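In the two assemblies presented below, subunit A is common to both, partnered first by subunit B and then by subunit C.
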Partner chain A sequence: MRRLIVGAMALACVQLVHAQPTTAEGIARYREMLADGNPADLFEAKGEGLWKQKRGPKVASLEQCDLGKGRGVVKGAFVELPRWFADTQRVQDLESRLLTCMETLQGLDPTVIAATPFGRGEQANMEALAAYVSAASRGQKMSLPQGHTKEREMFELGKRVFFFRGGPYDFSCASCHGEAGKRIRLQDLPELTKNPGDGIGFAAWPAYRVSSGEMWSMQRRLNDCYRQQRFPFPGFASDATIALGVYMGVNAKGAESIAPAIKR
Partner chain B sequence: MADPMRVRAQVKGTGAEVRVLMAHEMETGQRRDAAGKLIPAWHITEVTAQHNGKPVLTAHWGPAVSKNPFMFFALKSAKAGDKVVVSWKDNRGDSRTDEAVVA
Partner chain C sequence: MTHTPRIALAAAALLVSGCASTPAPAELDRLTLEMMKASFREQGIAKLDRLQQDLGQAACSSDKPPAEAVAKEIEATALASIKWPEGGRYLGDWRAGETLAQNGRGMTWTDAPGAPSGGNCYNCHQISKSEISYGTIGPSLYNYGKLRGVKDVAAPESAAIVQYTWGKIYNSKAYNACSGMPRFGHAGVLTQTQMRDLMALLLDPASPVNQ
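Showing the complex of A and B:
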């Protein structure tokens, strides 16, 4: 009997040694190591400077910008975006709202900014601002309002955009993100039709991409999803991208935001 | 002017752990732009660290170090309130110095 127990224990030990970390665990550990020195911190600091700096034709800072929780309130704003804004009569996400503030407060031209390639000029500033605003809500839970009719309408629209198949590959967002257990190469893909968990999917962007050394906002993330689907690029801060934000954000209700996160 | 670094220094045992995040392009000089022209090298060449005014680290860096580099080092003996100063110089003659207090 004793020999049998010893044998069983030895077997258990062998199994422990052989329990290789799964790829996902390996990637999680890699992310943990990277997170110690997440360069998103640098963008966050830059964004804070930009928020307070008097710029543009009107030589004004963004400190009077209303991100949904009142003028100048940054903390907690990110986890409630996109939401309805009465002054613009639109549902807006973080980037489109920043665009509005840059126009009304600073006098910058939003069409010029929207047409600027990602990572250049005012778009680079936009990414830093997105890092700053999202960081002020780090650790809070996603809680998008759905009280306004337009917010519910945008959710429905976002759902349709999410499931809309097209392009040369006949792809939709749902092709990759509509069920659990999918991946592209070694990247696990979050299921975005429900809450994928804390700090996953919608609750993980904006994020710093280590492979390209760039800060990506949700707008850029979506743009790249469409590139991978071989769709035409959606307009920057267009209603289609905002609707997708509402759909993913409402689905992620209760997920803890870790933005600005770090990605491979 | 170069963007600021983030320097953090934390007591660990009888010493301290210092984490430095630097904002720098770290262009290798091997890449080409869209027009096929070489992008000139632009990277940090020297990093130094001082602990209460005493040099504790000098490093010669080259193009192999990543963009926005992260550096970690441990001080054998340090206490809360000590000052850690980190500086870098790059091959364009630009430099940046930031400091942190051990906490």
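Showing the complex of A and C:
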């Protein structure tokens, strides 16, 4: 599978050099080529298995997990996250909500999971679970609720976090994602202060990353953004990352979710 | 008197909606700083002091530009911060400058302590014509010196643009309070030698940038 993907990517790259279409066009063509074989399928299947498997000290599945639409409802949950949860008294994104369910239903320790490096142990499971849950809303439009005061507050805080400049390079999220039609090298950058369009930005993550052969959740995407912003390390499922999710997700209202997407 | 319950109801409704509204902007600003502090931890060379904003970072952390007086203060402070090159030697080697411009590494939590940083230039700018993989966040720098009439960098008529270019690389905020460009000299990202090489890439008539 990997060799096929690399070959296909190389083909896409050759096309890029010859005709110089935009990266987005190259990736769109690449996605088409892989229409029946997005490796994200494998992660979705793994995630579904994990969702239904009795695990953890409490030997329970996640089938009773409430992702915002009632216990056990997976379909349609992703396009309404992050949202307010009365039981935790917090606005939570997909990953932080999964953490809650893994703790309450299965007895797993959320602080241990949050401290685990991406791609390992329970974090690898988390990415598969995120792929499974997001896939159940594929094709639906982003529709984050803003009815609760705390949801609106998190939008306002997320906007401020988005524009927060710091670090040795003076970067903020807005440095790269504040204007339309910009690139880093050949990589197109979505403008995240408004709806960037169907399947772009917030409506594309989790995604399978061809370059690393990994499934990245939104948490991991944000983590690597902050690394490149030369910031300190954002805590997994920390409030700043959830607030950013609210800001980007509300801005993307109406955009069709293609998660888990496929990325370069 | 029959109006009283209605007034009371209206007052109650006001109170409820008042309770349910988001905090005032100043309070949201305070909560944001609190949230940032609580959400990040240090990793490798990326310590928490990177979240301590100076005047310019704080004033440019919004979708609106700062007040003109604040912008002027940021620019004046930045201009005063610029260290001009020792011996008045502004130009190094454009070949080394091209390598540096290609290099996007440095200062992340996965970089080793003391590892030299790249210039990151191609991430945001077109520079040499032969490099097609360039970003567009900053303006094109292709023909930078040529377009500004630099035929001899040592000539007196070139002095203004040579000095401006050094200043821009050293502290971009001297000329634009909320410039998106890092302050390569001021923040200690690049050494004087590295900045001289980038200067040559942009200004040397022999550099591929000016062909």
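Note that the second predicted complex is superposed on the first by the 236 of 264 C-alpha atoms of A that agree within 3 Å, B and C clash if a C-alpha of one lies under 4 Å from a C-alpha of the other, contacts with A are read in each partner's own complex, and residues count from 1 in each chain.
Operating definition for what follows: a contact is a pair of C-beta atoms (placed from the backbone, for glycine too) under 8 Å apart; a residue touches a chain by one contact, two chains touch by 3 or more.
Being a predicted model, the structure only gives us computed values, none of them experimental.
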Checklist entry - Where does A:235 make contact in the superposed view: on subunit B (first), on subunit C (second), on both, or on neither? => result second
Next on the checklist: Let me test your reading of the model: by the given contact rule, A:45 touches which partner, first (subunit B), second (subunit C), both or neither?
Outcome noted: first
Next on the checklist: For A:248 in the superposed arrangement: first (subunit B), second (subunit C), both or neither?
Outcome noted: neither
Next on the checklist: Between subunit B and subunit C, which one contacts more residues of subunit A in the superposed model?
Outcome noted: C
Item to check | First (subunit B), second (subunit C), both or neither touched by A:156 | outcome: second
Checklist entry - In the superposed arrangement, does A:182 touch subunit B (first), subunit C (second), both or neither? => result second
Item to check | Partner chain(s) touched by A:213 [first = subunit B, second = subunit C, both, neither] | outcome: first
Checklist entry - Can you list the residues on subunit A that touch subunit B in the complex? => result 36-39, 41-42, 45-46, 213
Checklist entry - What does subunit C use to touch subunit A in their complex? => result 20-23, 28-29, 31-32, 35-36, 38-43, 46-48, 50-53, 56-58, 60-63, 107-110, 120, 122-124, 132-137, 173, 180, 182-183, 187-189
Checklist outcome for this item: Counting only contacts in the complex, subunit B reaches subunit A at residues 3-4, 6, 19, 21, 23, 66-68, 70, 72
Item to check | subunit C-touching residues of subunit A, taken from the complex the two chains share | outcome: 17, 20, 149, 152-153, 156-157, 159-161, 163-172, 174-176, 178-179, 181-187, 189, 193, 227-228, 230-235, 238-241, 243
